[in-house]
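Questions regarding the structure given below will be posed in turn.
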């Protein structure tokens, strides 16, 4: 369904930018998991507007309220509902846009699909929709702490327009490094130029995109399914379901098409009884199933569609006109998109870990076993 | 589920390379659709081994038999089952590989997941699995002929290693041009070099990959869903579920991250009462929903993992050893992958067309309406 | 999933009796449907406690708030979320029950399944859970008004313990007749004895059950699916998913096993060009698909498990003890269950109407077609 | 979907009575399970025509062929496909029925739904469809042997028309007793009268129905889900999805509506540290979740619709006519339906056992754990 994601750890989301709020129901979360609102809030705070001077200055606290599914600080095993109310609604800011289709936005396609759309804001196409993903992802991360205790999900801004990180050792990257600057990159040398560039572009009323790279360490071998629900297929879907994404590549990606098979194949070897690969062009997944190496992929984000420059467009009647953006938007969404990417990774991995446990019972920590 | 794809036009597939055969059940196909085995066979023939001198010389007729769901040449509206029997089984060819993990194959990960795998052949990781996709895709194409009569799904080999097509006018490409050479590219000037290069690499016992580009014309606006089942998300999943794929990009893709918003946005205009975009950096999809422009995406295929060169690896006991491929494999899978990519596009679009008809009833041709 | 129901018109529910509230997300609702909170509230008012002197005197207004999915009084086609906050929480009333398993309740089985349960109230096993069904059912009814304008869903209390209605003409029953007394039966002669009996049983601290009969007029022929998703199968699941239900029979039901085929078969005839049956032992469904006759089924509800009499039981440690119910409970749930049964019928029929429209496009009203 | 059943152990079925054959794909079966065709054939033999002198004399060997999913006698963990070819096709026998709607059959409703149906035989409404359920059920039983080693699924003919078994001790019934006569009842005293009655009714060209009772011992507590996927809800759906079923009741069922709560509640006690109930009016399920007592339910089967007596009906043009059945049909389907009921129980329990293992990991036998 449109607003559902996952097979066993399944989330259903709701909410528009200009309504009561945004939220999610999680169905299938294991019982007895420690969970409180602060666990979720910590991730939402990494996503929220106004967190630094390179993101939109809109003031939204994005405070989460858990509506159900918890008792005495533990999950009940039944559906968990969470709500983040909208605080800073300024419908007026969007007035002009109501009948005029914003270029490279979803205004026209929503009208084409539904014959109708929300009078203000972007409806479900608003980036506020991703709040629900981050809230659910925070819970998935808690489940993964139990199911895959060595797992660590990292993501960072790998490039912004032409500014590209230069990373020698992927395994040396930590969440601390990434969070040390508001731009959330993993190469300290490029952080300042990136921040400066975002500010410059913003001052021009323009916008930029870039690439986010995800690197997931400690993934147990065996996650993912043959054929359609390959792990990289579900990750690709997860990433392309995010607003503004235009591409996904895993391991060697598009660049790998320049190599021959003898250059590209990842040779196996054994280390301390564990099968490993000497290189990781597979990106941690072979035949759709994790092989125990780090999962390594990249996601392309286009430049934000809303810009403060005049653009040609049409209105709902098909009359040609021009439009100049108003409101307070991100000139570059990537720093705020990092926790969103991580959340989607957590949702995919949590789902596949539960699926693997169901079918092949490889992941059964004591702490999640009921003791009636 | 692992072997299922689609929401309303849902396929379930089965079969290994070294078993009775490969097949598919289609659930949800509309009734009264003209369908015969020849419709399906035509697509399978484009995929089968031995079709030209640049693909694997294995002789498999890959003849389809429809087991159910048809009466008097028309679909009954109930489940359609199709079977393609395996003909050319030579289990001996794979003997050495049984206990040795082929680099960048799924041998190790299947063992890691299931604790067990097929004694010969690649099991479900064999590319023969894609027969079921092509058979089902052929039926989806027949449904789309009714639901979206202007739709045309094209795909071609866009690059092979460093050999890149140079195409001036995407709209001038036809299926005839693509099928005019065995390499299935859309640029006549590059076909011969590509063929020559594949043969050279094969003679070296090596392999190469490349990029397939899909271009879908005549897509009605309104297909795709907000949030998770965005049309590009389902296409990305479909593509990354194919063996050997490492990347997906739509419209401007990774290259689009080098532009600013003012350079990137697709300006709207009106032509004969229809809303159009001046450029198509969105790749035909905005906010997850088709906008009526051509859907345009690219898929990266890594070089074939099986090569005739000695490689370092380990066996199932973890002992380090070397392996040199045997058997008859494609040095470059891309020419045969073209119809597979088209089939997955058809499956995704057919599913979304039915979903749109269910919810918003924009696509209701007379010919599919029951007349009791 | 545990808290999801439906294929195309899919609901996800949440909420416990002793938490913030109870709610639902509807995914897949057609766009442009007129919908406001009053539409939903009207059905919730028929379900709520305290509505008459034969139901629990708990005071809960059960006021619905629509959180998303509506703009300008119309559905957006995206997910609709609704919340009913809990008002009258008296956790103290349930104190004794915390560690003692209430007989024929879900306390023990929730502990057996999850190893843990809500400290107070029945968690998801509370009948408050059905609020979400009624709220969603109210929306389904609005969709059905568009898709199947002749449809009328009736349900009534057919028997309470030994008190059985005697109805000569099913087609003469109206919602007005049913709603004319608080017991919601369709036989005026039995209403007063039923009410009196409920009060007597309540005064004894005991409880009673009975049978609800549903009768759905104006169902178009063609709803339901062959094989697993037969219309009666989905109705049976819907009914047996309700708290306290122990049986379902359609058409001739268990009584029909006493007849021979020649006595039981429904002979066809034609009336005004429409195929009809002379009798309706099939209950409006043949081969899993509606035949245009009224859908006619009965649901058995056991006597309420909570009684004010001392009963033998055990606590969570397995020690044998006794328990006497406290709190304010229904001595007979059937009058309040009538709108819940109707809601589940609406959810099943709405889902199947959309499925039929998707596959066979027989139901395409103009008013639901987008006009971009 | 129409031809799919199950969440984690999901089956997809296909096949009509007058086509190539009938079959099933199982997706989600655990790996490393011992499985061969003989395991499946044993159950199919209990279902097949011609097995005794009280069932249809049609000669169909119903031989199963496993097409995929097995290697070296063990399941691969990937999709298992099975095919049973149709042998005894005599399309001529059904000629008259082609354009005439058989009363209480699915001919008319299939036309109403699809605008079209199979020219001969009942299409998917044929009872041959149940072959696929039995084949899949046989595999589910093998999985359950591993997951729930104490489980025993029994079903028997509880009544045929007015002939009712009289059973004192449900726990004394064994599969041997049931299989000792062709009528598959559990009360030796009633078997001969039942057989005699079936023969008499058949000689009259008429048919009869009855009730099958299922009794499942050794069910672990904790299977089933809160809210919609209650265990009894999924069992009810499974049963009502079978051809000719008209009712389902569990535990006290419809009869339980005659009791008060104090008479009806199942008191808890402790035996050897296990929580038990003194009575089993709950039928082994409380709040949708198994409580460890035997699951006990009854299913009503109407008299077979095909009879050798002249009946009023109409043809596809709506003209009134009469019809007299031909061909070789069961006068009473219940003896052959016993293994079908058992199969559906196995499919439901296997699915819920895997779901419970995924979410709450209570069921993790060593033998199903991969050892890479």
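Chains here go by letter, A, B, C and D, matching the order in which they are written, and residues are numbered from 1 within each.
Basically, contacts are C-beta pairs under 8 Å (C-beta built on N, C-alpha and C of every residue); 3 or more make two chains touch, one makes a residue touch a chain.
Keep in mind it's a predicted model, so treat the numbers as computed, not measured.
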item: Path length in steps (a step moves to a chain that is touched) from chain A to chain D; value: 1
item: Most remote chain, CA-based centroid, reference being chain B; value: C
item: Interchain centroid distance [CA atoms averaged], chain A/chain B, Å; value: 26
item: Chain centre separation (chain B, chain C; CA means) in Å; value: 45
item: Distance from chain C to chain A - Cα centre to Cα centre, in angstrom; value: 38
item: Residue numbers of chain B (touch at least two other chains); value: 1-4, 8, 13, 28, 31, 77-79, 112-115, 123-124, 221-222, 226-227, 360, 362, 369-370, 372
item: Residue ranges of chain A touching chain C (in the complex, touch as defined); value: 1-4, 8, 10, 12-16, 19-23, 25, 27-28, 31-32, 65-69, 71-72, 74, 76-81, 83, 111-119, 123-124, 369-372
item: Contact footprint of chain A on chain B as seen in their complex; value: 1-5, 7, 13, 101, 103-106, 108-110, 112-115, 123-125, 129, 159, 161-162, 201, 206-211, 221-230, 232-241, 243, 245-254, 256-270, 273, 275, 277-278, 281-283, 285-292, 298, 300-307, 309, 311-314, 318-320, 356, 360, 362
item: Partner chain A, residues of chain D touching it in the complex; value: 8, 28-31, 77-79, 221-222, 226-227, 354-355, 357-362, 364-365, 368-370, 372
